[in-house]
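Paired with chain B in one complex and with chain C in the other, chain A is shared by the two complexes that follow.
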Partner chain A sequence: MRVLLPVLLALFLSGAVLLVLGKNPVAYYDDVLTRGLFNWGGLQATITRMSPLLLIAAGLVVSFQAGIWNLGIDGQFLLAAVATAALTPVLVGIMPWGIAISVSLIVAFVVGAAWSVIPAFLKANYGINEIITSLMSSFLGTSLASVLVKIPFRDPTTSVPQTLVLPVADRLPRLFGSTIHSGILIAIAAVLLVHVLMTRTAFGLKLRIVGANPRAGAHAGLNVAKLTFATFALSAGLAGLAGGVEILGVQGTMRADWNPAYGLLVVPLVFLARFHAVGIIGFTLFFAVLMIGGESASRRVGVPQYFVPLLVGMLLLFLALVDFLDHRRRRLMKA
Partner chain B sequence: MAAMIEQTLALLDDRPLATTAGGRPVIELRGITKRFPGVVANDRVTLDIFAGEIHVLLGENGAGKSTLIDFLAGLQQPDAGTISVHGRSVEIGSPAESLALGIGTVFQHVQLVTSLTVLENLMLGGSSWRLLRRQPAIERFRELSDLLGVTIDPDVPVGRLALGEQQQVEIMHALWRGERVLILDEPTSMLTPQGVHHLGEVMKRLRDKGVAIIFITHKLREACDLGDRISALRLGRLVGQIDKTELATMTEQQITDRVVDLMFGKEPSDHAARLALDNQNARPDPNRIDRNAPPLFQLRGVATAAQPGECAVHDISFDLWPGEVLGIAGVDGNGQKHLAEVLAGQRTAVAGSILLGGADVTQGGVADRRREGISYITDERHGEGTVATFSVATNLVAKEIGTPPLWWGGISLWNRIHRHAREQIQRHDIRTASERTAIGKLSGGNIQKVLLARELTDRAALVVFNKPTNGLDLQNTQLARERIVEGAARGVAMIVISNELDELAAVGDRIGVMFRGRLTGIVANDDNANRRISLLMTGAGA
Partner chain C sequence: MSALLTEAFLSTLIFGAVTAAVPLLLAGLGEQISEKAGILNIGIEGMMLAGAYGGFFAAYAWNSFSLGFVAGAIAGMVVASLMAIFCVRLSLNQIVVGIALTLCAEGLTALLHFFQFSRTYPRLAKAPVLAIPGLDSIPIIGPGLFRHNALVYLALLLVAVVAWLFRNTYVGLNLEAAGSKPAALDAAGIDVVATRTGAVLTTGILAGLGGAYTAEVGAGLFLPYMTNGSGFIAIVLAMLARGKPLWVLLGALLFGVSLSLTTALQVAGINIPTDVVQMLPFAMVILVLVIFGRDSMLPPALGLPYVRGER
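Right, the complex of A and B next:
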């Protein structure tokens, strides 16, 4: 009920917008579903899209549970993507493929994590609000990634600024003859591992205590500064891994103007799923369907691409609203 | 503002100047009932509040005092029953309506904006669209200053005032829109003995001017000293009242006996608490500690560094013998918090050394101190002692995370953690639905039991208590004190920080006094102790 009602409300209101535009909402929704879910090609694209979203979500679960707002996802994601795109074509030439890919993914994780050191340092040592610093570092990271593609890592043989292209044969292997690359396995493993980490280990419990009440953490003798660094490293590292996987699995190269901006989209998903692994996989699937199906449906029905973000925004709004009302109703019932 | 004050003054002229119990009550509560799921907070409470009387409300935690006050302050509404002010039935829907009726409430913790001046604080709460006008406000301020008999500079920021003065400003704020009824919710818990005395004077002065005062306290002595009428609540019911004429004929001992009977009923299980209350003035045997033996614990010139708004400690030195209880007295905010934290390893010492059994333990954090046998029971049960949304079980092990046998290589063994919690719940009589219940749902007394269970382990050689009975009712207070005395009898050294001298006198072998971050003296706990401590607390004896 808490999930279904807002979905229906969002679909209804967005449908009304379509009607006002003189388009047929039923055709549009039908298209979203067929293209995103009930059509083999669409389903493959949807699942492929889930990989980066899931990896980012796994990272955000760590940071939000630890009470840290790492909003620098996009910068961390893109810088790791540049590093992977620049490094892998070189590495595959000088070492066995398996090792080259593993090294690239590790580098992606490390680069992502490295881009969070400044906000982590400012937060841990001076208590400076990480929302501001991580967001700012994200702007810097996005621009820096573009500069890196244009100047040091540019493939001189192309007219558009982009890095060397990784041959299709050297990318992440496809699963069972589909177009879905094996990054989805890494992503699902990451979500599950993070779930186990947060619920079943001493480290996860420490992070959650600091997240729920930092003063209680300090009182219990937890090293809050160290945990802050660890949280940022894990969260940003997973965002970096998402960038690396997207390059190795889908893009094969990085163009200077490429920025899918998944970061802020995943933030509300993580909250709506209440940090729960299964919920996150479910919500990510749902959103991937909307994104993939919506892109093609918009083209076919003849509404601008912007209609997808509108639908997504509407959905988030209603999910939050229904959640809030439900929460208040329960509190009133208790009082 | 001027219009409002005129209105107020006009109302005051109507006020019956009755100061006898025979006059018509200012506030009549009739059949007030309030239910929460599973609890009846107030059960048909009928109470009269008279002008010119200090009406003491006594009761255990959870007896329904706070709920009753919330109705008058407009913070909650009763399910049934009526409230009449000056014979007119009213519904008090919000704090603003309460103030407009001339009912002012001073809560336990100061609720002023410390960066604003006294006058600005007093002017808060007027209509938001009207300009603030200084002149009428100053007039009203002078009027109330005369009424209270206090002198405070209206243009000084509240943060620069002492706590006692801040409380006087709170009282002015409560009376700002008409001085009919003043509610004081445990006002003495933050004050020095002198501050308590001064507050008593102010209360009597206001009473003599015809203000009705509702005074909530846990302390029987204050009730006896100041009360014109005492009402006792138990489990939401009004269980008895002693009125003015009756009080006049009784000795203090008789009043105490009566009140204790009312508050606890006459069930045998409550007998212990009563007996303990009777023995409250007994002091520990002065020859209990063998001071020829080497001390267990030594502090040598310990100092800490302060953040803005905190009080650091300077040059703290003392010795502590096994089984000794050292009380630390002092007005809040004189460095007690830093002392406790530096002992617990929660704060680093910038100078000096800490020796335990002769070994230097100055370096090292909370985990190291716990391994060495030093534990700390914080005064901030909610703020830092526990994570409210986490289970009782998790909170019980919050200081042991990652260590065997409850963790294995960093993996949480939740079965063992929950079993451990069930044992502790049983052993320490913690009242909770289960070990998985969020600790924030427990009462203050039960949360304190969780902290006691967590800190008073078999390993503990030195335990630091910061205000161990703050906010607890008499039974839980007694329990916490018993734990201190039991521990000391087993040879555990105890440091008890408190601002209640009675408590320190009851458990302390020696009592040290903190003033402005320094330990200004340590006195033996004898019959002269109270006077010397009072002097030291204000810096006079330093």
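Right, the complex of A and C next:
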């Protein structure tokens, strides 16, 4: 109920916006569902889109549960994507495919994690708010990624700045003859690992204690600085892995102007799932359907993609509101 | 190198820097007021966009730049009033609501523009310029600094006004108390919710003005998502300025210079990727933080809702 109600309210209110703008909301939602979910081609695209979103979301679950607001996702994602795109075409030439891909994915994780070291350092040593530092490192990383593609890693034979293209045969294998690449398996494994890590291990408990009350954590003898670094590394590393998987599975190359800006869109999903690792799967599916179906609906029903952020924003507002009313009701019942 | 020092290059650079800095300055000052009162206003990007759209549309429909600025300020305030209701009155999580409002504003302004103009982007006439007599004929800095829209001078004046407000008035003191120890303000008989609401609405007005300036003067048109992260840069500026309006101005100018440097370099025939120059201010700020980083001196109650009687 606490999940369904905000979703319904948001669908209803943004449908009303469509109605005011002279479009039929039922036709729009119908088209989104048909094209994004109930159609084999659409469903494959939807599941493919879920891989990077799930990986980013899994990382955010770790950091939000630990009370760290890592808003630097886009920089971490893009830098790891550049590293993967530049490295893999070279690696597949000199070593067996399986090892090359594994090395690339590890590099993606490490590059993503490395880009969080500065915000983590500033937070752990000087207590500087990580929201600004991670945002700044994200802007910096986005520009740096573009520069790296334009100058050192550029494929000199193309007119648009991009890296060497990884041949389709060397990308992540497709699953069972579909267009879905195996990155989705990596993503689901990551989500499950994060869930086990946060709920079943001492390390996860420590992170959650620090997230709930850092001072209590320090008094209990936890090394808060070390945990801050670990949290940042995990969450940024998973964002980096998302970038690597997206390059190896879908893009095959990195263009200088490529920036899907998933960061700000995944943050709300993690809130909607209330920081619950397994819960993000459902919301990611919902969101991927909206993105993929919305792309087709924008052509067919004439509602542009701009509708998606509006709907997600409303969803988030109603979620917060329903939570608030629920809390108040419980408090009143207790009193 | 001699091409870099021509009069045309320098005045283009200065003019561009000021034009790019003004929205950041307005939004940064606004954000600073919110932060002082204990509200971390992540929705400021949305307020700027609402201001950009409202400002553009009013200026386009009524053919008046001043009406555009008024409409931009109102549009920013409307988004801010939602922030005030959700975060100040209902004490909801400020980060969630801020991101939600930004997303809503992004979607809504782009949709409205799309349904009015489809994929065409009509331009406004050139914005009126108020040249300061005498000063504007100084070579180089005259055309760069003293031939701007009136809002630019107003924004500069605002730095002094806000500084005075913070330092010398009860309003400033109340704001600071609302962000440092809201319970103390409440005990002194002053309404915390009203103080914080006022701060958030002021932020909305300033951010809306900044957005309207971006659309009406900076670009002369409205594009979907046109503020392009300015709101987040404003948040960074406000936090780095440690409660001092003058530092917001300096920070905004630093960003303005680096944003306009690329354009100016291209005018001078030097081609380096825009990204390199855009990295400079962020890299500089991070470097400064790493070297001199101590406590960033944020208000202790920043981001925490105030509910009377709760600890």
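The rule we apply is simple: the second predicted complex is superposed on the first by the 335 of 335 C-alpha atoms of A that agree within 3 Å, B and C clash if a C-alpha of one lies under 4 Å from a C-alpha of the other, contacts with A are read in each partner's own complex, and residues count from 1 in each chain.
Convention: a contact is a pair of C-beta atoms (placed from the backbone, for glycine too) under 8 Å apart; a residue touches a chain by one contact, two chains touch by 3 or more.
All values reported here derive from a predicted model rather than from experimental measurement.
K.L.:
Please work out whether A:Gly98 is in contact with chain B alone, chain C alone, both, or neither, and reply first, second, both or neither.
P.N.:
A:Gly98 contacts neither chain B nor chain C.
K.L.:
Quick one: is A:Lys206 in contact with chain B, with chain C, with both, or with neither? Answer first, second, both or neither.
P.N.:
first
K.L.:
Please determine whether it is chain B or chain C that touches the greater number of chain A residues.
P.N.:
Of chain B and chain C, the partner in contact with more residues of chain A is C.
K.L.:
Answer with first, second, both or neither: which of chain B and chain C does A:His219 touch in the superposed model?
P.N.:
In the superposed model, A:His219 contacts chain B only, not chain C.
K.L.:
Looking at the overlay, what does A:Pro156 touch: chain B (first), chain C (second), both, or neither?
P.N.:
neither
K.L.:
First (chain B), second (chain C), both or neither: which does A:Phe139 touch?
P.N.:
The second partner, chain C, only.
K.L.:
Going by the contact definition given at the top, which residues of chain A touch chain B in one complex and chain C in the other?
P.N.:
Looking at chain A, the two contact sets are disjoint.
K.L.:
Under the definition above, what is the set of chain B residues touching chain A in their complex?
P.N.:
36-37, 345-346, 365-367, 369-370, 378, 380, 383-390, 394, 398-399, 401-402, 407, 410-412, 414
K.L.:
Using the touch definition up top, name the residues of chain C that touch chain A in the complex.
P.N.:
Its residues touching chain A are 40, 82, 86, 90-93, 95-97, 99-108, 110-112, 114-115, 224, 229, 232-233, 235-236, 239-240, 273, 275-276, 278-279, 282-283, 285-286, 289-290, 293-296, 298.
K.L.:
Using the touch rule from the top, collect the residues of chain A that touch chain C in their complex.
P.N.:
By the definition above, chain A touches chain C via 17, 21-22, 69, 118, 121-122, 125-129, 131-133, 135-137, 139-140, 143-144, 146-147, 150-151, 264-265, 267-268, 271, 303-304, 306-317, 319-321, 323-324.
K.L.:
For chain A, which residues are in contact with chain B within the complex?
P.N.:
199-206, 208-209, 212-213, 215-216, 218-223, 334-335
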